[in-house]
Amino acid sequence: MSHRDTRQPPTRSPVREFHPRARAALDNPQIRRNFRNAMDGLKDKRRAAFEGMDLEALRELGANIRRNALARLPDLLEQLEKNLIANGVQVHWAEDGEQACRIVRDICVARGAKRVIKGKSMVSEEMELNHYLEEQGIEALESDLGEYLVQMAGETPSHIIMPAIHKNTGEISELMHEKTGTARSDNVEYLTASARRQLREKFMAADVGISGVNFAVAETGTLCLVENEGNGRMTTTVPPCHIAVTGIEKVVPSLEDASALLALLTRSATGQHITTYFNMISAPRQQDELDGPEEVHLVLVDNGRSTIYQDDELLDTLRCIRCGACMNHCPVYTRIGGHAYGTTYPGPIGKILMPHLLGLEETQDFPSASSLCGACGEVCPVKIPIPDLLVRLRRESVDGDHLHPPQVQGHGSKKKPLERLALAARKARCLPDRHRSGSALAPASTGQNGSLDPHPHGPETGQ
Amino acid sequence: MSDPIRIYPAKPDKVYFFGTCLIDLFYPETGMAGIRLLEREGIEIIFPAGQTCCGQPAYTSGYHDEARAVARTQLNLFANDWPIVVPSGSCGGMMRKHYPDLFRGTLHQSRAEAVANRVWELTDFLLNVCHIHLEDLGEPVEVAMHSSCSARREMGAAEAGPALLRQLENVTLRQHARAEECCGFGGTFAVRHPEISAAMVSDKVDAITRAGAPQFVTTDCGCLMNIAGFAEKQERPLAGQHILSFLWERTRSGETDQS
Amino acid sequence: MSAREAILKRLRQRTGGELTAPERDYSVLERPDWSREEKLDRFQQAMESVHGEVHQTTESQWVMRLAEVLYAKGARNLLASRLHPIGQALRQSDHPALPPLLDYSQPITAWQPELFNDVDAAITSTRGAIAETGSLILWPSTDEPRLMSLVPPLQVAVLYANELYTTFQEAMRAQNWSAGMPGNALLISGPSKTADIEQTLAYGVHGPRELVVLVIE
């Protein structure tokens, strides 16, 4: 097969090219149409899916479940680990993406594994796992249909739930024809069936299956996967070894918590009351069982999360359950698509998460690329105050608040002497205008000086 | 985000009027219209002379020291217990939602909270506090309504504008596609990301025009400048007006505007 | 320091101080206590809305009904459990329209290509279902291994109408899931599907193309 992962490591940072990429997307009517149609559809479906439910109470529950889990994070992680180990699952911890990649490689090497099949996992994208494994001579093939196509094209996903949303059927047909010899067709069923045949061979031949995790339940030591296709079940059931990778924030206290988040996740993401499969994995194949992986591993990946965790505001970022609703409702994302961002997580969640993973200097156009319209925060199923976090990151970008010392790596990188001057000039200009027309509005009012505080860094602290 | 449910106060005798920069600089007639509408409801307007900017541009740009300095001046303007009405969801949102954040942990925290709790977006105030009844004296006309994102999401006032328009007998309110979507202004956003902003406003103008409305009204001057300015530049047949100006013009009877 | 220790230490020694865990009010997930008929109705509606088939039948009729369905769909064979009463009933049946029955009696590695390529249909039991979302509850076992409900293109499941729960939460509580989970547990709501190509729905992308539920009154 020719469709090995051809993704190259970023030699020049695509993140820094946000503006030209956004412009190119805006100038591409097909991209505009694809995203607009898809996002409109997803928005309508979401609205319909929550009809008849007390959405605000449900969101409050979702937020509280995630807040509760984060408040007890270290304890829950230990409980999860203890229960998984008792169930026969091996648990690994990784400080960063590279360490997580090495852990995966070591498991593969120990098993003599050469072929890896993957279920959808955003954390593995974040780790750039496919590329790493390729370098180690291990084939890593994506099996989610959208991911499979995107990988075949040598691209990255443009949406976290619908990775190939930027492509239309004609392009996909051409791609599959070129890379797999599939006959050209505009029949989606035919193309899907072809992919099924191709991937079934790969599932059977795979030495290891790698998946993500939607919720890790501490109480029972259960890894929950949410999907429609069944490739997640294939990945976690057919190969003799299953490696699940997940961010440390994905742990929840109980199955009931997972079920509540499930109700929010699928409705928010695709407007489904539930996905086809909710797959709960608690143990590897037992002695008397006839299928299922002999080995199950969980790799808990930190990769900056414990740093975000330190700050009372930024912490909210970690509530995310990766539904993508913020993207679907974002007027910016809808117009430029996911690739313009050049990051694993695009859209509003990407704008508040990627600066922590890459630093604010690298992601310097992210915090400002929002009109702060608030649509994302309004639909977020776990009530992440995304617009407030964007403002927070803007503040960090310019070291804008002496009362709250900056926390994020790369802070102050937007602070330019010129910008400071311009701001001062704007303020100065504002004053006389203000007086002139202010008096037009209120002729009776007399000359009280509405001057700006001359001591902007005055003693504001309550200490 | 878990804002407590706001209880509308009884109709007061007096209100503070916070004029906002854009009205001051570009649309003073809108400020006057808001004042006249309130006065007609028997409310005395107190216009604190020292008012300047609410601090929002600095705040959303991340310059919170500067924003705090600007905002602090405003905190001193509203000594009495009267409601503070703002003819803008954007400035209103800054004062109501962000002042408490901005002054948290400072000596001014309690004052900021007290001010924030008294801030009302003006259409919301007219409808739900004044219980205004509008008598339409104008010619039949079709309009579309664009609620600013901050009026909608920070002030929870998206329904007020359309409700007021529906009181006007000769006004047909035209619903446009994705009415809840941002027009692309977003303050500094339009400056830092002009192409994306332009794509957004272009879609907004398309949607309103497609809805068959030759004019639109909005709660916020930022959106007004953005949408009407774009339409004008593109020579699209779409005129815009602040909703307060529109309401006042259609309901004034022989009263002279003294501005 | 190991990664584990370092991560846990950072989380425990949080700069912002200890966090308080808010209460979780699950009452929003509760639904009215639907009657048996209502639950069945809702289950059927939900299942059919995602392309699943629901056939209501009885203890004495279901084998015949199954035979008709399999015949209509042209299934050349049927994978069934050996020990479960469902498998037993099928094996004891002499219904002429039933296709040959297959066993899952050896480890997957021993017959993987046959399972993937030659098995047309499989039938399993369920541990009930959820009316609200139209979801079957499956706990695969030695007798009904994990891949039975995944690999063959036609999935058949037997559901007893009196094992319908209103919500997922009710089912978990009634079956005391928190006391211990099987190696693999599943909610299955319809056949495998994807919308990854231009948002066009296509079924059977990886798992079954069709899902048939036999509801026994």
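To keep things simple, chains are lettered A, B and C as they appear, and every chain counts its residues starting from 1.
Keep this in mind: contacts are C-beta pairs under 8 Å (C-beta built on N, C-alpha and C of every residue); 3 or more make two chains touch, one makes a residue touch a chain.
The model shown is predicted, which means the values in this text are computed figures rather than measured ones.
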Query - Grouping of chains that still touch (sans chain A) - result: B | C
Report summary line: Min distance from chain CA centroid to global CA centroid: chain A
Requested in this report: Could you tell me between which two chains the number of C-beta pairs in contact is largest?
Outcome: A-C
Query raised in the report: Based on CA centres, what chain would you say lies at the far end from chain B?
Result: C
Query raised in the report: How many angstrom between the C-alpha centroids of chain C and chain A?
Result: 29
**Report entry** Inter-chain centre distance, chain A versus chain B - centres from mean C-alpha coordinates, in Å
**Finding:** 35
**Report entry** Distance from chain C to chain B - Cα centre to Cα centre, in angstrom
**Finding:** 53
Query raised in the report: Of all the residues in chain B, which ones touch at least 2 other chains?
Result: none
Requested in this report: Find every residue in chain A that makes contact with two or more other chains and list them.
Outcome: 60
Report summary line: Within their complex, chain A touches chain B through residues 19, 22-23, 26, 32, 60, 63, 331-332, 335-336, 365, 367-375, 377-378, 383, 385, 388, 391, 393-398, 400-404, 414, 423, 426-427, 430-431, 433-434, 437-438, 440-442, 444-453, 455-462
Report summary line: As the complex stands, chain A meets chain C at residues 34, 37-38, 41, 53-54, 57-58, 60-61, 64-65, 67-68, 70-74, 77-78, 87, 93-95, 99, 143-146, 149, 162-165, 167-169, 172, 188-189, 191-193, 195-196, 199-200, 203-204, 219-222, 228-231, 233-234, 237-238, 240, 248, 254-257, 259-260, 262-263, 270, 273-286, 288-292, 300, 302, 306-307, 309-312, 315
**Report entry** Complex contacts: residues of chain C adjacent to chain A
**Finding:** 2-4, 6-8, 10-12, 14-16, 18-26, 28-29, 46, 50, 104-109, 112-113, 116, 132-135, 140-142, 145-147, 150, 168-169, 172, 177-178, 180-200, 202, 204-208
Query raised in the report: So in the complex, which bits of chain B are touching chain A?
Result: 1-2, 17, 19, 21, 23-25, 28, 31-32, 35, 47-53, 57-66, 68-70, 72-73, 101, 103, 105-109, 149-150, 152-154, 180-182, 184-190, 192-193, 195-197, 199-200, 203, 259
